[in-house]
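We call the chains A, B, C and D, going by the order they appear; numbering starts again at 1 in every chain.
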Amino acid sequence: MAVDLTIRVAGENGEGLLSVGVVASQAFARMGLNVYSFNTPPAEIKGGPSMVQLRVSDHPVHSQGDALDLLMAWNQENHDRHIGSLKSGGLLLYDPGECRPPERSDVTAVAVPLNQIIREQIRNPRPKNVLAFAVLASLIGVPRGFAETFVRQKFQKRADLLPLNLTAVERGYQFAQECIPAAGKLAPLAPQDAAPRVILTGNQAVALGAMAAGLQFFAGYPITPASEIMEFLSQHLAACGGVVVQSEDEISSLAAVIGASFAGRKAATATSGPGLALMVELLGLATMQELPAVIINVQRGGPSTGLPTRTEQGDLDLAVYGRHGDAPRIVLAPTNVEECFYDTMHAFNLAEKYQTPVILLSDQHLAQRSEAVPRPDPARVPLVRRRTVAEGTTDFRRYALTADGISPVAVPGEHDTPFVGTGLEHDERAHIDYSAHTHEVMMRKRQNKIGNAENERGFVVRSGPARAELGLICWGGTTGPVREALAAAEQQGLSVALLVPKMLWPLPERAISEFMASVDKTVVVEMNLSGQLANLIQSRLCRPVQRLGKYSGMPFTATEILSFIEGAVGHHG
Amino acid sequence: MAVDLTIRVAGENGEGLLSVGVVASQAFARMGLNVYSFNTPPAEIKGGPSMVQLRVSDHPVHSQGDALDLLMAWNQENHDRHIGSLKSGGLLLYDPGECRPPERSDVTAVAVPLNQIIREQIRNPRPKNVLAFAVLASLIGVPRGFAETFVRQKFQKRADLLPLNLTAVERGYQFAQECIPAAGKLAPLAPQDAAPRVILTGNQAVALGAMAAGLQFFAGYPITPASEIMEFLSQHLAACGGVVVQSEDEISSLAAVIGASFAGRKAATATSGPGLALMVELLGLATMQELPAVIINVQRGGPSTGLPTRTEQGDLDLAVYGRHGDAPRIVLAPTNVEECFYDTMHAFNLAEKYQTPVILLSDQHLAQRSEAVPRPDPARVPLVRRRTVAEGTTDFRRYALTADGISPVAVPGEHDTPFVGTGLEHDERAHIDYSAHTHEVMMRKRQNKIGNAENERGFVVRSGPARAELGLICWGGTTGPVREALAAAEQQGLSVALLVPKMLWPLPERAISEFMASVDKTVVVEMNLSGQLANLIQSRLCRPVQRLGKYSGMPFTATEILSFIEGAVGHHG
Amino acid sequence: MAEAIKVRKAADYRSETKPTWCPGCGDFGVLSAMYKAFAQLNLDPKQIVVVSGIGCSGRLPEFVGGYGFHGVHGRVLPTAMGVKLANPELTVVAVGGDGDGFAIGGGHVPHAARRNVDITYLVMDNQIYSLTKGQPSPTTPPGMAAVRVSPSMSKMAPAGVHELPINPLAMVLAYGGSFVARAFSSQPNQLVELLVLALQHRGFAFIQAISPCVTFYDSYDRWKEDVAPLPAGWDPSSRVRALDLALAEEKRHLGLWYREERPAYDETIGAVRPVAAAERAAVLERLLDSFA
Amino acid sequence: MAEAIKVRKAADYRSETKPTWCPGCGDFGVLSAMYKAFAQLNLDPKQIVVVSGIGCSGRLPEFVGGYGFHGVHGRVLPTAMGVKLANPELTVVAVGGDGDGFAIGGGHVPHAARRNVDITYLVMDNQIYSLTKGQPSPTTPPGMAAVRVSPSMSKMAPAGVHELPINPLAMVLAYGGSFVARAFSSQPNQLVELLVLALQHRGFAFIQAISPCVTFYDSYDRWKEDVAPLPAGWDPSSRVRALDLALAEEKRHLGLWYREERPAYDETIGAVRPVAAAERAAVLERLLDSFA
């Protein structure tokens, strides 16, 4: 069987702990291994218990992993917090200067005196992260030469720190090789010969996807866990001729985005639930004026300020129904870091094509974890720009009633056919008109136009057998663990299929309906309490689905879903 | 058969036209007649065509009426606009100085030289409204003495204007009696001996209901068609010890309401779609802190700024689903002016009892029309105040997990058990807590608490036979015309039943499900395009409903619904 | 291509839509001043974007024959900023009412001013919410017995308005506004002059245009008494002096109160510039390299 | 009932929750000054409501043993107004950060000031968004090379901040604030003094409390250089003088800049007063009569 290790390092926040994850992920990815890492930031800004978890494998991994193969505890408090998650037979590395000798007898416990090595052999606290990395790297079979090369590259620009860190690599390898008994050694991961990879968080992938899609204007307001998108773009968008504004609030962010879109540019904002809530009025304006705009919403635990650093899929209702009056829009949800890149590109394309706001739903776990993914190729998604008025048009009608509901637009500075966009009801010429006829016609135009987006291809992914006892439907960040559970269930011979709609509005009714017809029982898996996608499906298809919800602030694990599957179909197996 | 007249007066805005409606409604109501009146304000502030429509009957009326029995046209433009609505055999009164002789031969046309009488006999343009009223009153059999007494009372405080207006009454009666041929006389309405009545608009009824419920703090921001609620309360709430703030925007309105509620007071705001959209973030806070608050939302045509002076039922989705994270609340919708009073009282009671925001959905037509209704009796709804901490409690837990999910609250200045409310996830003591367990428990607490409100009695009204071919479901302002159509259909022997949920969230699933089981086919009638209640029903019950929608900015007429019913079940009849 | 330079007249900026304001509304004066200012600068209508919020005043863009954006209530400044940064070649004019600008939209003013967004912001100040039929606004003066007032106002404030009115000029000066002026719609020549200066100003140009509402708060008579030119020889280069006057003025002084040169926002943070697909692709590849 | 008057010490205002701020955070100084001010006035904890928005600073109410309201980002002022008008007996203190107060919440400040809502509003100004890890705020100074700055800040503003920082004192003075002061969390005695005055002030009392963030923008050293007392013999009765200084100051002057007596909002528009059910019923009947 393939090798697949789940490793957790737990210590005090601020000790360089999180960078162990960064360093190790990069190194493992460069070896061609698959890496999936995440961490839980503490509630406090400084200090407080913290952990980073890495899953490393020679085959693709879709979730953070579950029971730990290896736990490295930097102190007693963190040992106590996490020891329960170590699997029987797993490896515990603990700092004997900070922890009492461990009690569990079903695991291999090895003392790794990190602080003592730092104090006595390195004499500088900074490289503790590299030391920890070296111990781990050695244990999972990373060749020492590789680790050294990697650290050299990493500290290329900090020549002053390089010697210290190289020493840390040396001591780490030395310690692991000399002092860790054979029983502690892990199944070594062989370097892979993989396609080129990059390590990205979901937020980085979204920002890169937006740039690849031709983003020109971004306005945002800081909010956990979406801020990194704006920060990334602030550093890099200018190189592509774009502008980033940190505005005074989310309302102003979306207003500016809408203004920039009116001026013909591709524009976006990024926020989380509380910010999306503030954008509701302006979202309706964008629908009414038929303006492209991309709104990235990184969901966190709600309601209200909720759990800003935890994950949840609680904003689907708001994304779909958060508008006064019937103001349809498009809602997408990528399911992993790689898709964060491509689906963000699609979001811009759909916004331009349908002249509509598009909400892209990410979530804290998807946005802030990192994954080694195949290097994204922007050329895979040809860019779309909005339909504009034909040269020489004299009888310009901004909201011309066309067969597909999409009307050519004029762009200030570009076209000689000025018009006045308005959020009041208007006729084809954009003139304000409250008559019953105009309102009816324009309501249908806007509704049908968005309805047509259901026919876009590539936004529903089906897997598993053509007929199955159990059909799972899930969306967004929940998909990874569901996929893994599905693979395991298939190996057990359980009859399960999976449907993942990446476009959530308009709901791909046909695909879902066909899927439901092909399974005996449908269960919608999502990270919320009320079953928001389940409700949407029932409301459109009138066919009952069951719900598997999680609302603890933590992502599903594959094991949780697998055991659900076993409970649901296992009795036949 | 009972007498039932639909009368329209159409002229230029600003000529005192709208006050004809006010004066006539009041006079007819004082006679014990039922009155239902509405008007369409023009798009411009001043000038522009305008009309007022009155339906007068000796039996209860639930809608604005349909084909006109009488049209009074003050000028040509308005004649042309409205002549098509006059029923065959109806009576047309036109001002011969302003209109050409009319062309329709199937109506009785009578010249009423309003402007000439004003000019030559009264010599002051002001009492044109009273003159028009007098002509109408005479035609429908209001005794002249009654009209005079009424006008005397009306102008009690304007002694200077009284003689002019009495002359107008005299001339009006004289003209009608002398110059209108017998063919033009309408079936006279006899004065009724009815229970005491008041004439109220929906907005006035809501404001009075709020006062009756013990409203102490109101903050709002002007918006059509909700402003009258704030204006009314500004004049009158102080007498009940309350305060009204016109705040700088809707966000600040709801923030202030939430602050006042935290301080233990009954508090409310009123707005329309764009304002509700801005309140979404704070609504989540009220749910999270479990604070009572009443939000009155007077729906208007959407999306965006939409059709501010027209009616629609497009904000149900926003009321139910406008929140990030699973943040349940209660949504109510009264169906007529009388219920605006009582249901507003209920809204406050439910807010206090369940410690939750309650959204009351009205709509432009319901809010701004006036109806003669039985004088409301505040004593019919006993007042509820939130459960507070028991005297002497030492171990105060603000969010104690109780059987019904409702926890006693402490009020600043009143209870010796201070606590800190927060929108972050919190434990029973209101302490911030991000742990999975606390989040799960508190999510369920909030959800179940609101879910229990489904058991409140009196919020679902069923009418018609116990079993029927066709079952209609409607809500809010659509109910009046549906009721009338139902009565007509029953007279035709058509098999139709009606269910009206006045609580829309939590959805009264049991009642709806039983209703659907008792009919062959269910149709949801509502004034929107997407079928928002229909979607909610399907999402909860998974049983298909059909939809009859209207989205023209105008309310349904009973005739429209009747002909739908006839089409749906008529073929058996 | 040699193209004859077209010379435009005020009438060329009229749209096909006839203004819907009440006869006598101050906003007519503002509109015609705007036509004239555009004509003086001979602006190309396709390069003009007039952005507005909601209110009677917010209808103005409809009546101008350039591009227009009639948005939602209170968001005119960030919207206009988006337009300007998206295409710095455009002439962007933001207009609206006192409610739109200082109540619901008041939170955006400091930021437009301190950023020095290169737009003209003209507030048609009628000291009331007109479109909603006459509730008090942030600029409504506390005493108002002498003027004709709407029923809504007397309902909203049965005993008069109690809030201190805001002081728009003082506020914008305190925010760091780089061009601050006041005009009166009944003195159109000055308004045209100030508009021309504002349109030429590189940065955030604020004009408070007194523009009475004849229907809900007919204050023409009062204003005629109340306004005065700025003191003779007024030097618009001192923010402190302008602020002192704004706090202390007895008459409402009309004219250019303050102006300074400071880089505009599209210069400091930059504006959108067209970039070739190949350039964008190269940037992306470099960035992706850094994650490998 | 004769009840012995309880005399409270600062420690009596501590809540059971230990502050979660980073060691060295300026907000500690603000918190302990608040305990002391409450103690000096011997306030009954059950009569105190501390309202806050979101931010590191917004956590303060949690650490105070009175009633507290930790609301959403930027809405502290209208929330506090609601509390105060609902029960004018309460002592209402609004607290928050520079982002909470001047960015997302900036639209509410003018209105709280001009209404003269009787609350104390203390802004813990660290010139940065700390809770979100260090983006620039409306008070971030354009030049900041000398101080330790967060990674977020250097990402958000790779070439420095370009906006003019807002001037909180000038703004609140221009808004008509009736009590305007500045303090420094490292000079706690003065802060206690100013807090006591603010709590005693009938109306809107604004305190800008400089409160450095050691983690994302450690500016202690700069501040130690930068602050100075108000000029000797400063007379806090002139708004114009205060504004002039606010625009021109070279050092950041600490102390009471301005104070005036003016009726508070709960006096002008009134506050909630308990009314007997019978009285309410009578009012209603009278009103209903008018519709008969």
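Quick note on the criterion: a residue touches a chain if its C-beta (ideal position, glycine included) is under 8 Å from a C-beta of that chain, and two chains touch if they have at least 3 such contacts.
Please read all numbers here as calculations on a predicted model, not as lab measurements.
The chain pair A-D and the chain pair A-C differ in C-beta contact count, and the higher one is A-C.
The chain with its Cα centre farthest from the Cα centre of chain C is A. The distance from the centre of chain A to the centre of chain D, with each centre set as the mean of the Cα atoms, comes to 38 Å. Per-chain Cα centroids separate chain C from chain D by 31 Å. For the pair chain B and chain D, the distance between C-alpha centroids works out to 42 Å. In chain A, the positions touching at least two other chains are 43, 248-249, 251, 274, 281, 285, 289, 304-305, 422-424, 432.
Of all residues in chain D, those touching 2 or more other chains are 54, 72, 103-104, 106-108, 110-111, 138, 269, listed in ascending order. Contact residues of chain A toward chain D in the complex are 43-47, 221-224, 227, 230-232, 234-235, 246, 248-250, 274, 304-305. Per the touch definition, chain D reaches chain B in the complex via residues 15, 17, 45-49, 51, 54, 61-62, 64-72, 75, 77-87, 89-90, 107-108, 110-111, 269-275, 279-281, 283-284, 287-288, 291-292. Contact residues on chain C toward chain B in their complex (touch as defined above): 20-23, 54, 56, 72-74, 103-104, 106, 129-133, 135-136, 138, 152, 155-158, 215. Of all the residues in chain A, the ones that touch chain C in their complex are 30, 196-200, 204, 208, 211-212, 214, 216-217, 219, 236, 238-245, 247-249, 251-253, 255-265, 267, 281-282, 285, 289, 375-376, 378, 410, 412-424, 431-432.
Of all residues in chain B, only 43, 251, 272-274, 276-278, 280-281, 284-285, 287-289, 299, 301-310, 312, 314-315, 317-318, 320-328, 422-425, 432, 434, 436-437, 439-440, 443-444, 446-447, 528-530, 532, 535-536, 538-540, 542-544, 551-554 touch chain A in the complex they form.
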